[in-house]
Amino acid sequence: MTRKEIRLDFEREARLGFGEAALCAQKTVAQIEEILRQAGDARAPFLLTRLDEEKHSALAPEWRERLDYHAPSRTAFFGFAPETLAVPCVAVVTAGTSDAGPAHEALRTLEFNHIATTPVFDVGVAGIWRLMERVDEIARHPVVIAVAGMDAALPSVIGGLVPGAVIAVPTSAGYGLARDGETALNACLVSCAPGITVTNIDNGYGAACAAIRALRAMQMVAERGSVVRAAE
Amino acid sequence: MTRKEIRLDFEREARLGFGEAALCAQKTVAQIEEILRQAGDARAPFLLTRLDEEKHSALAPEWRERLDYHAPSRTAFFGFAPETLAVPCVAVVTAGTSDAGPAHEALRTLEFNHIATTPVFDVGVAGIWRLMERVDEIARHPVVIAVAGMDAALPSVIGGLVPGAVIAVPTSAGYGLARDGETALNACLVSCAPGITVTNIDNGYGAACAAIRALRAMQMVAERGSVVRAAE
Amino acid sequence: MTRKEIRLDFEREARLGFGEAALCAQKTVAQIEEILRQAGDARAPFLLTRLDEEKHSALAPEWRERLDYHAPSRTAFFGFAPETLAVPCVAVVTAGTSDAGPAHEALRTLEFNHIATTPVFDVGVAGIWRLMERVDEIARHPVVIAVAGMDAALPSVIGGLVPGAVIAVPTSAGYGLARDGETALNACLVSCAPGITVTNIDNGYGAACAAIRALRAMQMVAERGSVVRAAE
Amino acid sequence: MTRKEIRLDFEREARLGFGEAALCAQKTVAQIEEILRQAGDARAPFLLTRLDEEKHSALAPEWRERLDYHAPSRTAFFGFAPETLAVPCVAVVTAGTSDAGPAHEALRTLEFNHIATTPVFDVGVAGIWRLMERVDEIARHPVVIAVAGMDAALPSVIGGLVPGAVIAVPTSAGYGLARDGETALNACLVSCAPGITVTNIDNGYGAACAAIRALRAMQMVAERGSVVRAAE
Amino acid sequence: MTRKEIRLDFEREARLGFGEAALCAQKTVAQIEEILRQAGDARAPFLLTRLDEEKHSALAPEWRERLDYHAPSRTAFFGFAPETLAVPCVAVVTAGTSDAGPAHEALRTLEFNHIATTPVFDVGVAGIWRLMERVDEIARHPVVIAVAGMDAALPSVIGGLVPGAVIAVPTSAGYGLARDGETALNACLVSCAPGITVTNIDNGYGAACAAIRALRAMQMVAERGSVVRAAE
Amino acid sequence: MTRKEIRLDFEREARLGFGEAALCAQKTVAQIEEILRQAGDARAPFLLTRLDEEKHSALAPEWRERLDYHAPSRTAFFGFAPETLAVPCVAVVTAGTSDAGPAHEALRTLEFNHIATTPVFDVGVAGIWRLMERVDEIARHPVVIAVAGMDAALPSVIGGLVPGAVIAVPTSAGYGLARDGETALNACLVSCAPGITVTNIDNGYGAACAAIRALRAMQMVAERGSVVRAAE
Amino acid sequence: MTRKEIRLDFEREARLGFGEAALCAQKTVAQIEEILRQAGDARAPFLLTRLDEEKHSALAPEWRERLDYHAPSRTAFFGFAPETLAVPCVAVVTAGTSDAGPAHEALRTLEFNHIATTPVFDVGVAGIWRLMERVDEIARHPVVIAVAGMDAALPSVIGGLVPGAVIAVPTSAGYGLARDGETALNACLVSCAPGITVTNIDNGYGAACAAIRALRAMQMVAERGSVVRAAE
Amino acid sequence: MTRKEIRLDFEREARLGFGEAALCAQKTVAQIEEILRQAGDARAPFLLTRLDEEKHSALAPEWRERLDYHAPSRTAFFGFAPETLAVPCVAVVTAGTSDAGPAHEALRTLEFNHIATTPVFDVGVAGIWRLMERVDEIARHPVVIAVAGMDAALPSVIGGLVPGAVIAVPTSAGYGLARDGETALNACLVSCAPGITVTNIDNGYGAACAAIRALRAMQMVAERGSVVRAAE
């Protein structure tokens, strides 16, 4: 594991508005420590994702104590400076208990990027009254991240009721024909509700980045005045 | 074909900010005409997509003459009232000549919803200088729709260079392992550039709707001031 | 095409309560005519399915005039004797216009077997108010056939609201990742609403047969009194 | 793991006639305990499925001692009140020894809902005399759950011999092209015997719920008299 | 189309006991004519398969009149010398009407190689009495070719009842999850009846060649006396 | 684990000429012991397959000591009586070292059924001289079992050189696009050498049963004299 | 069809050593004519591939007469200047008659780039003597393009016998499990002969480009002297 | 484990210019030791690949001490004699940290065959400036091995910029729709940059062998003078 085998993209923050993050699932402990070393040298805050508890425990104590680790989302913050957050711009909605992991990954990624969020958990359509109770609250957010596995009917129903950006995160919940999330993903892609976009399976991190992009788009156009007709 | 077999969702415009559209590919001529009849009765502008030239020609003349038909996108406008458009908010970028169809579908859907666009055609990464020449122009748009088939490397490269919302439309261009667009779609979903979201294959219409959602999100939050740090 | 290449199962009516039917899609005109000849000899009413208009027209006039043909369902009745029907026991519900074909196939198969039906068309979840308006009516039927393509969210929502038997018929509506109905089928199989059962793609005929089986089950057990607690 | 991350649907019993159950396979021990806590507070009987022995052992003793656990089916009853059962309405038939798990899951779910059952094990078609010996007994049940993996020929043969509702549960028995149950599932979906419906792979729980729905359908229609012609 | 682009393997007859045949489906008319020219020059009898009627009609009359063409099997014999056949050694059994094509291909290939056959058509397991009536007759053949599509339960049932070689030919009959024969093929490969072997989808020709190989195996070992215990 | 959950098919030996065997991979230790108990009671020799070393060790000593266990093939003989064998009728040929497991399973199954064999290992086509050295020896066997993974080119080359029955056993050797043996299986099914038949992946047991069937076919026809022309 | 929708990469010749080519399969006639117009303006020789006869006929005569069209390969040369060729550096070898199309595409692409070739047709391994006769001749070429469909055993056998670069082109020849060339492709990718590389299905053009790249590599290193040990 | 079960192809070095190597992933420790024994007897240098650390540790000490083991590549050299290397002919380029394993396998295989290399790590297109900085250096190598997982956009971009042979190695990096490397592989196969060839997933060994073949091709043609026009 030599230093030159890893080359981080520290200019991403300036280019895209959010920094590079490291997906730890297929990285060795040595590789993760080298990444932290380079981030430390660059004085860049850094986000680790898919860091399971076992691998987190295997990091050298000097690194581990500099991390803010959160087990349900398998994320760790390095060099994170909290800020007072504005009103929530992103609602993160889940269908069932087994979808909690990717939802937490999205919530933590947004927190790391100083975006306030509203979590709405366990409102799947099998008992649709749970969703209907909260749909007006959800619809007030400019961006909604809808996290669902199995048949992923939730994003379709939300997409038919909510005017803002809807980002679907299919999850690997379920078994058999759930195919580790492929059925959920395909159902989201062919949703009968138009204008839903989709991320990779369980990709709460990517959904959060997409939300940041959509929110940034706002700022780019804010000074131009209204560009679309409002939903009445 | 009785009237009650079709029930349009004319309240969608009020709920979501864009009206219902009819995907004509699997509909009969009789069904399409009934849809237009109901739209006419409701005095609702209506968009037809995937209307190929043969089926368009088979419509009764009384309907055909009330349509603004555009062959490259296979779309038709019904009851469309043009507006003077603002500065372009959406760039629609294609990789190759065979990606033109879905790109035109997106452009027409945005036009129907009174959003100004910038088309940037034929800038695939096999000759990456074509993209590099125009990347600054593209990056000024709050929303970029990247349309590409085959290996779909274009959205990844754009995603690494552009800060706004990036919506990838994989296309069915190519043959063999292109698998009618599945390889392009999968490549977009696992893009190494974070925060890209994806639509169904060839779904220019859906990408345009997603762009409208993202632009609407802006308005919802505009009065709140800045919510994310700007890319410097 | 000799006579002995086809051997019909005329004892099925006695065994199962509904007769054999012929799926015409992959049969030649000569094979279909031989089937009708044997059915005529046996004085057995007979149902033809997947008989498209072109193949119907190619049948010899002597056979064609003895058929009651219905184009939207691609079915034909041979030797059918209408009966006065009881109150409707099966609701056939569709999500969108492109799901009409399999729904009509189910409706005609039930009619051929003298079961009264209630069709409820075009109530997909993208505009969920259309379904909510009619859900109480649907729930009064002991059997509901839910016909939906693309993401097939409709059967899940119905399954969460209706206490009787719910049979999902996924359809080949849609394109791209709809995969000719596989995504709809998989979504039905992993539905978050429990107790939904599923048929092959576009298999309105099979769903109708399953409905007949479920209704027959009633008669087998009717004399035994209540076997399950009623939904209150 | 906070309380609000889990929201149970206790109104399901009233709506559908059977209560919510928790699929434990992808839930953490903390999540399962929170579910039991809420069920205990609501004084609702509750069913746990896919609870393997290891996870069962990891539950806190206070919860474990309130559970009626059954290892072969991986199910546990919470707050279950036995009832004297009526004559069996559901036959649960398996092809081979490796299909026993999902069959037990169906049997236990039916028991939890106070439905009497007849198990018929190990009668696969490779030695078809085993099935033929018992086919008359099976045919007397209004609902038959046929559990089979590999080529799943059993449901097809049963479907050709039995007039009541036939619910096929494909299983993950087998290796290689058995593809963890997909081949069995597909074979059931395209069965040559009409009117068979299908559940997800290994989904004994879902088949039992479908059986309850079919039995309830009976009660809804019982007072109306005969709706279909009896098999003679 | 030059002569040297085609090189036939006329030594195959001596090596394997059956000559080369040409699969015409993807060959041009010019290629087929060149093949017949070379076969004529070599005075070798030759078998054409998958020669549809349209392509057959497009052959030059001089070639067409030298062919013995059979439309249901899409085969043609060139230079064929009939022989008086021995008692039938191969039973060719089909499940349904749509399986007739590959069965005829097998029957014709065996006829071309002077093997007597017994066709048994339309005995699928949905009405299993049709098979049971003839199972003793089938079991007297040393080789059974079982042709079935959809769920392909027929080869499994035969495999459990017949002691000789059982060669399954899955067919492309069916629709939806039949997947053009893949489900039938997979079901055959994972059959619960042991010792069944399988060919490609619709490959009646290959099954016939396999039967010839199995019959030849007999002759190779005949002089050695009994090698296995007889089924009693 | 009650006795009636397992019902063995002891009549198979009389019907098919080889007895039932138990695939142990998905069976519990309790189920395997019950099977042995029933076989012991019936005084039937019995074959266990896919019995890995760990599960073998977990059997009660009283059963373990009555088994003839063979680790490379993962098979065990119960109640086996050796016989003096005739000249070898079956050649079992492998492509590479990783194909040894299924080959051993075939060899042991044949030994259990008193068929003499010739093993020919490690003659894959990447160094085709190894196969060419032994092809004449192989061709003298009436039945050849060709065991190969990855691209499975070996059965095609053998099929072009050997006149007897050729049974291909694709194996799960390889990685990536080898797809656990599916590529090998598909390559065998579409082999350019005609008359090859195929078993499930790694199914050495099934190939051996098929060989027994083919050898038995010989005896059924031996008295009838020559049925096919000999390869010269 | 406006001019700016197509942007050719005329600098490719200088960068890569071979110019851009247009895959015509999914292009309209208008798009192809615009491409030729731009190529004509730039005085760049241009290659069209996948131009079927029907589309070729539909081009305006002024363009058609400037093309050198070749039907078996579906290619056309525009502005091509023949050169006297050196000794052949690339052997193009096919397995069967149905593989001729992609082989011709490779041969024509090499001719367009002034590379001499040796075609070796119809030497598939089912009659391996045909290949063995010519293997020494093939092995003298620095680059071998092996074109084969179905089981694609040919590239593996060649790869074990030939020391130079071996580029496999899987083809869509075959039916059923050939899966339009996927089985051939996968078999090539997992070939037991090491160092084979693979192109997309039927991609004769890409194989030719890869051959040009390999040959160019020679020139880049020629002056450095020997870099690898010669095969003795 | 008897000696004759393994037959190595020691003549491969003479035929192809590189010796046989053993893929250890599916081999037992006993098989690997037998391979080393035979290699030792033949005094042939030998390469082991996919030898993970656990299996390496399980080898007998007498073998282990004769191996030069390298954990990141999971390779071991046996009987290796280092040579002074020439200037680098092969650049091995990776997209991300998780692609390092296959890249190291390629580097070690080339080292074992005495080819000098240039590693260029972590230059994926999400931060394309990292690649652009080094593209001129990469382009000077006659052969480039491009190693990338996920969307594998790197080989396409390199293929558009580099004139020599480009061999893509898709890797199993990523999750969800990355499908263990299939998406990367498919994206490489349908790359928009022409003339790229592809190996199996993670097959660094195969890519190195292909590089050796391409370099050898050079020597075969070196004496003939220039065969292609140089990129200017």
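Per-chain residue numbering starts at 1, and chain names A, B, C, D, E, F, G and H are given in the order in which the chains are listed.
The rule is simple: a contact is a pair of C-beta atoms (placed from the backbone, for glycine too) under 8 Å apart; a residue touches a chain by one contact, two chains touch by 3 or more.
Quick caveat: nothing in here was measured; it's all calculated off a predicted structure.
*Asks:* Quickly list, by label, the chains bordering both subunit B and subunit C.
*Replies:* Touches both subunit B and subunit C: A.
*Asks:* Hey, which one of B-C, C-D or E-F is the same interface as C-E, over half the contact pairs lining up?
*Replies:* B-C
*Asks:* Where the centre means the average of the CA atoms, what chain is farthest from subunit D?
*Replies:* The chain farthest from subunit D, judged by C-alpha centres, is G.
*Asks:* Once you find the CA centre of subunit A and the CA centre of subunit E, what distance in Å lies between them?
*Replies:* Subunit A and subunit E have C-alpha centres separated by 56 Å.
*Asks:* How many angstrom lie between the CA centroids of subunit C and subunit F, rounded to a whole number?
*Replies:* It comes to 45 Å between the two C-alpha centres.
*Asks:* Using mean CA coordinates as chain centres, what's the subunit A-subunit H distance in Å?
*Replies:* 36
*Asks:* Which subunit H residues reach two or more other chains?
*Replies:* Touching at least two other chains: 12, 126-127, 160-161, 174, 176-178, 182, 185, 189-190, 194, 200.
*Asks:* If I apply the definition of touch given earlier, which pairs of chains qualify?
*Replies:* A-B, A-C, A-D, A-H, B-C, B-G, B-H, C-D, C-E, D-E, D-F, E-F, E-G, F-G, F-H, G-H
*Asks:* Can you list the subunit G residues touching subunit H in their complex?
*Replies:* 12, 14-18, 21, 86-87, 89, 113-115, 140-143, 160-167, 185, 189-190, 194-200, 205-210, 212-222, 224-232
*Asks:* Inside the complex, what are the residues of subunit D that reach subunit A?
*Replies:* Listed in rising order, the residues are 1, 4-7, 9, 11-12, 20, 22-23, 25-27, 31, 35, 50, 172, 180-182, 185, 200-203.
*Asks:* Tell me, which parts of subunit D touch subunit E in their complex?
*Replies:* Going through subunit D, the ones touching subunit E are 95-96, 124-128, 150-153, 156-157, 159-161, 174, 176-179, 182-184, 186-194.
*Asks:* Contact residues on subunit G for subunit E in the complex?
*Replies:* The touching residues are 72, 97-98, 100, 121-123, 126-127, 129-130, 173-178.
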